[in-house]
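Next come two complexes built around chain A: one with chain B, the other with chain C.
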Partner chain A sequence: MLQLLFYITVYTSIVLLLMMFFFSYLNKVKKQKYSVWEKESNELINTFIFIDNNTVLELPDDIHTLKKNPFFRTFISQKIITAVKNFSGETTRNLKQLYLLLELDKDTLHDTKHVLGHLKTRAIRNVGVMNLKNFEEIVFENTNHKNDLIRIEAQVALIRLTGFKGLKFLNIITYPISEWYQIVLLRELKTLDPEKFKGIKIWLKSFNKSVIVFTLKLIANYHLFEFYPDTVKLLHHKNHKIRLQAIRTLAKIFNKNTPKELLSIFENETTENKIAILKELSSFKEQSTIPYLIELLKQETPTLQIVIIKTIAKIDTEGILLLEKIPNAHTPPLNNIILQLKEEQAYELD
Partner chain B sequence: MNWINNTPFFILQLIGFYIVLSVIIHVCIAITSILKNQIYLNRKEFTDYNTLASSSNAPNISVIKVIYNQENTILQSVKLLLLSHYNNLEIIIINNGSTDNSLQNLIKTYNLKPINVYINKEIDSGPVKTIYKSTNPIYKKLIIVDKPISNNADSLNTGINIASGKYITHINTNYVIKQDAILKLSKPFLKETTQKVIASGSVIKYAENKKSATILSRIISLKHTRILLLEYMAWTKVNELLFTPGLFMIFDREIAIKCKGYTPNTSSLDMELTMRMRQYMEEHKTAYTISFIPDILCWKKEEINFKNILTKKSNWTLKKLESLKSNKKIIFNRKYGTLGLVSYPYWFLFKFLTPIVKVITFIYLLVLGSTKQISWLSIISLGVLLYSLKITYSFIAILTKIITQHKNNQNNSVVKQIVAAILEPIIFTPIVIFSFFKGSLQYFTKK
Partner chain C sequence: MKILVAEDDNLIRSALEFRLKKDNHDVTLAIDGKDALKKIDEQIPDLVITDIMMPHISGLELVGLIKEKYQNQIKIIVLTTMGQEDVVLEAFGLGADDFIPKPFSPNELSVRIKRFAIKKI
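The block that comes next holds the complex of A and B.
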């Protein structure tokens, strides 16, 4: 057994050695080739960027042979995508034309059905960046793909192709949208002109909890005041993450009843949600909430006591005077926290 | 070749079994790791970290740095931290009883003013003298804590108590982090939907000047490549990354507090905290993961020489022994799932015990050879086998690096790495064995 292992090891070592030199050489050749392609594709892209509106766009003769090389096609496709991301307006129209003249859309179509995840993802991303409207159906089909990367690129591409209407994927997705991908989607929506949302009510009742959270973020970001009652209902949802987002969203579309709504759920909330409520209350500066907050000081943990006291001080600059009047204000830890707040206020005034 | 098939010794068979099993396990781990690494590289193209850098939804992260007598370097270190590509960052500098002008330099440069801060001691930590904040609003994320000298764990726990971030990290004085390091390490916390991410980490590498690299620094670099490409990624795939030497890590503050923060009287701070956090999650039956990013996000400024490496390696043995003692209940304990039944026993048998196995085998074979119970040719053959196994493993790592990262275009560089791989068992293995026994001696004699 050990003898066999010995022979396997020795032969493997020799093969590995040869492979190391071979691949190293291959990388060197590749690098040289890429530097030539880099120059040629930069020239081509620059030509198309600076062509004026009235010129007929066509490919130079020397590129026709090169465009048959699949590696070059992948290379120039990446270059065009990067360029489109960096430009806007007429320039992107010309670059899109270049993409079509090189028939890269055919590669994209092929790759959208590729078995390798990253190639499929790249193709879907390219559809979105190049705004290839005829791929909408394929993109939509992939918005609930089991591979998270394909899924998010398809969702982003759909938004790029159809604007806010692209959010229709929220009706069908069964996989959760992670916080990271929610940030990505919101960034994508930021680039669009706001318009009327369709489907908010349905999404707020989705079985997919992340869809509810994401919709609440949409309500907050676009200040959709008409969904105030629906958001209040979600303060009582059994999922704490949905309740947390509902708290944050209410603060963005608040009215005079909001402090009361938030305080009504305070007692049974998780620590994280309680801190979120207190943070929002401090921004409302509603003086009527102070007596309730002072009452809370008697029950809560030191961690929350600090937040409560800070909230009171933020609601009313005279809040510290009120705090000093409460019975245990001169015993630790309250006396220390109050002292700190006094200094912080003085420090801010400086 | 006259092999040892006819030797009736049970121990020799056991050694053979250990070698074969070790090879099988290492090959499986290497294949998994290479695949996982390739997937990471394929996905990297689609991640735009600037999205998070500019987002108001990015989580708050507190960076804690403990300093002691660093008047020459502290200003530069703080400047680098302030330049991090991450908005929601809080920088806490703990002046651990410096006797030089470290604190005065900070006060002068950043217009610091003492403030009275109530510290909610959620975990045990020593007293604090003064807390400073800058009067300049552009440095509002900077907090300087002046405290009497104490151990590193206590200083870090003070930092955790003061921290307001959802996540915490600490940076050693000799670390230099990449500007986007925090950004990259914070992503796993936001990306996971099915389980809680309790920590995320990436490898720390020695900062080396390639032109003046010595054979020892090349061997260390090769070792890093090997564990990075052939080990860590595989263990993260099965969520079993254990005993993470040289990782730059971000922790979930809430879980770290529930585990009572860093433990004084241990030298393995991050490793110990990671283990306790894992234990906590297992005991509470909460799905969790530790994320690992196979990018170099942090460099360690340290001179690579035999003396330093020997000291570091023996300290590492000491840390592992301390950790073994405090986590002994985990091993072979069903309660801790795969942590207790797979990863911990694997680490113990095939990582921790390796130097002992090597020495025992060596001595045993010498005895057998000198008493003529086994031929010297057989002993040499076994030695050559073990040597070639080690080299092959390094070769796989170098080849993986060449193929996946499209690097090392110069044959010159490949040759240097091959030489490092060939010399490693001769130069580095004796250091590892010697430092293992030195560290063990330090542990048992409490020195």
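The block that comes next holds the complex of A and C.
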């Protein structure tokens, strides 16, 4: 029995050792192959990056066999994408030409319809980076995909392909755009030259609440003053997040009536929105709002009282003196809040 | 001009080498900040072009270490990602001489380097 165990152990060890050598050899071959590909693709990409303007762009003969290898195609495709992300100007045009000469757009087309989500996502991203305009329709179809990664890549790619016109996906999307993806989209738009937006009025009436919030952010970021009345209307929307964004947007396109508009909704707002209103009021520095704010001190919770007092102090540098004149300024909790504010101001001055 | 390129991406590194050699510069390549420091001490280049995001020693750390040791003897251009204004300011604070936001045009880089070459003469 012991002898049998010994033979089994020896046999297993030999098999494991052989397997180890085999896989190590395979890994070495793979590394060598990738090292050759690395060199060849770098040379090819560099040739296309630095080619003279008048030269006809064509593939060297030795690449024709290699380009049939699907693994090499994926490898060089990623290399070209990296190069396009890092270089600009004429270089990008040449790299796009290389992408087309290697017929990598056909792989991209195939992958945009792939059942595997990560391949589909990558393909759509590549469409945007390589600016493959003939893929616009496929990209647009995916802007309302149930998979959020595919959806955001398609939305970003559509903006890259068609600029501000790409925002047409806001007309059709049923899935919400998360806060993070709204930032991603706004960052993408930042690289474009501002132009006249088409569709704002429609998007502000969208059944998709995140579309309304995103549109309000567009109004704020691009200072679209003509939509002031529409934004004011949204201060009365039943959704508190839309109202919150409307408050923030109004502050970016404000006029003399804005403080009044914001104070008119203050009483019935959520605590979060009340704090947002106070923050905006402190930046307007409108003296006429101080009596109203002092009045509010009588009815609000201690948490909000602190914010209100700080707002008053920011609106008027003599704000603390005004606060000390109000009837209950010397009884808790107001006296404590005022004292704390004084200490904070003294600390800031130091 | 003796130029050291510190960039962890193989493709970008080789593209920069290709372009700089075309402009008749003497080019040394470093695959990360640590490698760059070693080669700088060996060769003392006139100019260092460095990426910000690199393993072991970041581009910002590299800028600080070079300026601490070589002051104005070595000029530094940092390659940053578009929109990283805070990183650019930090690099200038550490002593960087110029920056180029990615994506960048190799021709623009070439022109900027020529400016340094003229100043050196």
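In the analysis below, the second predicted complex is superposed on the first by the 308 of 350 C-alpha atoms of A that agree within 3 Å, B and C clash if a C-alpha of one lies under 4 Å from a C-alpha of the other, contacts with A are read in each partner's own complex, and residues count from 1 in each chain.
The working rule: contacts are C-beta pairs under 8 Å (C-beta built on N, C-alpha and C of every residue); 3 or more make two chains touch, one makes a residue touch a chain.
These numbers were taken from a predicted model, which means no experiment stands behind them.
**Student:** Report for A:Thr121: first if it touches chain B alone, second if chain C alone, otherwise both or neither.
**Tutor:** The first partner, chain B, only.
**Student:** Based on the superposed arrangement, let me know which partner A:Arg187 touches: chain B (first), chain C (second), both, or neither?
**Tutor:** Touch partners of A:Arg187: chain B and chain C.
**Student:** Return first, second, both or neither, reflecting whether A:Thr91 touches chain B, chain C, both chains, or no partner chain.
**Tutor:** second
**Student:** After the superposition on A, what does A:Tyr25 contact: first (chain B), second (chain C), both or neither?
**Tutor:** Only chain B is touched by A:Tyr25; chain C is not.
**Student:** Tell me the contact category for A:Pro333 with respect to chain B and chain C: first, second, both or neither.
**Tutor:** first
**Student:** Report the partner of chain A that touches more of its residues: chain B or chain C.
**Tutor:** Here the partner covering more residues of chain A is B.
**Student:** For A:Ala83, select first, second, both or neither according to whether it touches chain B, chain C, the two together, or no partner.
**Tutor:** second
**Student:** Go through the superposed model and pick first if A:Ile45 touches only chain B, second if only chain C, both, or neither.
**Tutor:** Touch partner of A:Ile45: chain C, not chain B.
**Student:** Overlap the chain B and chain C contact sets on chain A and report the shared residues.
**Tutor:** In chain A, residues 187 are touched by chain B and also by chain C.
**Student:** Which residues, counting only chain B, touch chain A once they are in their complex?
**Tutor:** Checking each residue of chain B against chain A gives 1, 3-4, 16, 19-20, 23, 42-43, 45-46, 48, 51-52, 54-55, 57-58, 113, 115-118, 120, 122, 133, 135, 187, 190-194, 381-382, 384-385, 388-389, 391-392, 395-396, 398-399, 402-403, 406-411, 414, 418.
**Student:** Could you please specify the touching residues of chain C with respect to chain A in the complex?
**Tutor:** 9-12, 14-15, 18-19, 22, 82-83, 102-108
**Student:** Per the contact definition, I'd like the list of chain A residues that touch chain C in the complex.
**Tutor:** Its residues touching chain C are 38, 41-42, 45-46, 49-50, 79, 82-92, 187, 190-191.
**Student:** In the complex, go through chain A and note every residue touching chain B.
**Tutor:** 1-3, 5-6, 9-10, 12-13, 16-17, 19-21, 23-25, 27-28, 30-31, 117-118, 121-122, 125, 149, 153, 176, 178-184, 186-187, 210, 302-303, 306, 333, 336-337, 339-340, 342-344, 347, 350
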